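Let me begin by handing over the structure; questions about it come next.
Naming follows writing order (A, B and C), and every chain is counted from residue 1.
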Amino acid sequence: MNNHEALMPLVAEIVDIRVDTPDVKTFTVLTPDGKKPFDHMPGQCAMVSAPGVGEAMFSITSSPTDTEKMEFSIKRCGGFTEYLHGVDVGQQITVRGPYGRPFPVDTEFKGKNLLFIAGGIGLAPLRSVINYCRDKKDDYGKIDIVYGSRSKDDLVDYAEILNEWCSDKNVNVHLTIDREQEGWDGHVGFVPNYVSELGFDTNRIGIICGPPIMIKFTLGNLTKLGFEKTQIYTTMELRMKCGIGKCGRCNIGSKYVCKDGPVFRFDELDELPDEY
Amino acid sequence: MQKISRFDIINRLKDLLADGNVDRVLGWKKGEFRYDVTPHVFTSAQELEADFVWGDFCGANFSKYLIKETAKSDKKVAVLLKPCDTYSFNQLLTEHRFDREKVYAVGVACDGMADIFKIKKITGDGISDIKENGEDLDVYTIYDEKPVKIKKTDVLSERCLSCKSKKHAAYDELLGGDGDVLDSNRFDEVAKIEAMTEEERYAFWQGELSRCIRCNACRDVCPACTCEKCVFDNPNSGMENKSPANEFEEKLFHIIRAFHVAGRCTDCGECSRVCPQRIPLHLLNRKFIKDINAFYGEYQAGEVVGSRAPLVDFDKEDVEPKNAVGKEDK
Amino acid sequence: MYKIKISDLPALFDKLSEKYDVFLPVDFDNGAKYKKYEKGDVLSEKLNTVKSPKDFFFPQTEDMMRFKTEGKKIDVIDIREPKDDFIVFGVTECDVKSFEVLDNVFLSEPADTYYAEKRAHGVLISRACSKPSETCFCKTYGIDPSEPSGDISTWKADGTLYLRPNTDKGEAVISVISGILTEADDDEVNKEKEKINKILDRLPLKNLTTEGFGAGKTAELFDRPEWAGLSQSCLGCGTCTFVCPTCQCYDIRDFKTNDGVIRYRCWDSCMYSEFTKMSAGQPRLTQKERFRQRFMHKLVYYPENNGGLYSCVGCGRCLQSCPISMNIVKVMKALGGKNE
């Protein structure tokens, strides 16, 4: 995308809508002439908008290795997301981006074992980096994915997890749901506890995304397992308007989440005032 | 010169704190210069001695702060109220916006407040000090050793020039005695605007409101604007805006606000006092007051706690709107 | 250096306005505001306009683009018109320096093209402050109001206006009016500078320092108990942010018209309760946090990102406009070092 017109969006068309859970849908978008709107790196975001309805920042959930299309998994939580959940295939929207600092997939992550930990819709921002690392599996060590949700029906990307991730040789998927449920014979319990039970060694990088409370307890449990804050990453969400570090919304301390984040290492977050 | 001295007020407030009647005082705190006084909650005698100020620049009306302040603690808070402030105080009580039991109202006699903008119009910028000297203000600037002598009556705030009452409408005790309800000339300015042609009137308000920067100071200071969620801040209202999308919207904000406080506005004048662009916003509200008086008989919001404002009270004798505005049915 | 008699200024403005849109401060009731020059307008003697000249480059409301929608289709229409050169006359040095603060934000990559284009076409003609106000504290930030910068600097002395072009843009403007200017030496201007510097020594805020603020002070300042008292009476209005020449937060909003949707941006304020509110939560719950954000940003966060430059120029507008007379000077005195 032309950086000189950072606030001017591109028109994109929703070409596919996948219902993931009762309140999460994944939208596939292309430009009107059938191309991927722009390239990005895992963890980066885009401003998605329907003129007259709203504009908001979403992580791009498809992997950069998918050169055909761009995907966004979006949870219905009022306002603009309500609108998106009501549209049909063929609806045009606008997108601009990519914005933000991606996961350091080509530097710090390279050659390392990776432990992804996600709760609920928190898997969406991680899907891009998980699939990127799966597609370039020679560049990384073992991949573990701990993913939990309220119920089986609330697991995002469930089909993809079962059909693709679980069949990868170097990938271990550990699923859990909060409460017992008929037809579920997997693990039951909260994600932070499950992480402790699984008892990972520290020879890996942790990447956490989910509700604030889940992040807090998971971070605590990883620390108990001996992890340093310098080997754990997360990705943040704050209200944003411009996406390029100018409008001031997502300013915490001297950082702008849209530009300096959304990916942060936990020791970097410690430097920031507690306002997120 | 104010009738009651800072010294006398502080002594009484110290007693109130010492007796344990109240544990804090809502009063005026001195600033960098004589005129930049800040509303402040004082909690000790030492703090009062050091920072409390009373004089010709204590314009701030504390009534609205009582909503927040009384919600903080079960202890009583003492509040200083000038006569005009007491009308807002009563109006808020009428609207059940704070608990009267948690407030100790100290009425202070007021001799009118000075307007720093009017002073600067005479002296220019660079004011280093302002001393009250009988009926005069001695204004010192960094440009002259000698002060500029100004008659206080020449620099009285607009709202004080048409003061409606030196009588407190509410108090637990009075400092400096009470005055009378005044035969105010406050509708003269409204009459002037009424006398304009429609085009002139439009041009007048267009000129004034075009300066509005939509900072919301008028709304946020207004004792009648106590909605927990203003429609202009509410994304679900469909009219949330921080800034006008066009010229029409700017007028919309002020006109809607005037309608919303009609019948409840006590004419305290805080809106115009705080407007950074010096827009005479109080004239919009005053026009409503004048019309309500004409249509339904004299009514002063905040004069009596619990009074029913004409706009929320039906009477079979009420004037028909079309007769009220003197226009035939179309 | 050039000069022209003050009494001949109307001729100068007339001449300039033949080629440029010229904006200058004019008086209204009790204040001054920038106005597009029309014959008969008189340059205000007042130091500060209520609204700063940032409005010319970062307007309070600015249409960005239009969307046409038809069925499921969307058209994005760039509605910007090519901008002509324009002149902002009479900018005090604090306001000139405010553009350095804004440039660091808007022109850093990726540049804000809306702002950049206006900066490219705007000519700043500054003026020395012959009569600073008690609310002035530009010296605190090392700004010299006797030596104004901008594209052309001007000084008033003894019924004469002295002009010195500083940039190519400034030279171009001078060439338009060279017929009515005469060449001058620096003597009168130097005398005027001396005079101004003597006045600066008498300003009540002359000793205000930035000690205790700047990069790396977050941990020291963030949890100070003084914030509660300083912010306790804050109304949460946006006056300070809107009159401030360096505040640059904005909102982007859509406005539905009969002819599609207009996307515009408008000034926003970190003092507003809605500023950071999300469906997921609110990181700054009370006015104390919002109040703290504004001053921490100006005095710590911004310097941290911009080589120590503060996001305040000491113009004093917030001192003059705050409904409760709370302002950055009081904050600095309460929290900073050696400001007793």
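The rule is simple: a contact is a pair of C-beta atoms (placed from the backbone, for glycine too) under 8 Å apart; a residue touches a chain by one contact, two chains touch by 3 or more.
Computed from a predicted model, the values in this text were never measured in an experiment.
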Pairwise touch network: line, ring, star, complete, or other: line
Furthest chain, CA centroid comparison against subunit B: A
Separation of mean Cα positions, subunit C and subunit B [Å, integer]: 30
Approximate Å spacing (C-alpha centroids) for the pair subunit A, subunit B: 52
Centroid distance [mean C-alpha coordinates] between subunit C and subunit A, Å: 40
Sequence positions of subunit B contacting 2 or more other chains: 235
For subunit C, residues that touch 2 or more chains besides their own: 251, 268
Per-residue overlap in subunit A, given as positions that touch at least 2 other chains: 79
Residues of subunit C that touch subunit B when the two form their complex: 28-31, 33, 46-47, 50-51, 60-61, 131-135, 199, 202-205, 229, 232-233, 235-239, 241-243, 251, 253, 255, 262, 264, 266-269, 272-274, 319-321, 323-327, 329-330
Residues of subunit C that touch subunit A when the two form their complex: 64-65, 67, 69, 72-76, 78, 105-106, 108-114, 215, 218, 222, 248-252, 254, 256, 260-261, 263, 265, 268, 270, 275-281, 283-284, 289, 293, 296-297, 300-302, 304-305
Complex contact set, residues of subunit B against subunit C: 31-33, 35-41, 60, 65, 117-118, 120-121, 124-128, 141-143, 211, 213-217, 219-221, 233, 235, 240-246, 273-274, 276-278
Footprint of subunit C on subunit A - complex, ascending: 3-11, 13, 51-55, 77-79, 88, 90-94, 212, 237-239, 241-242, 244-249, 251-254, 271-273, 275-276
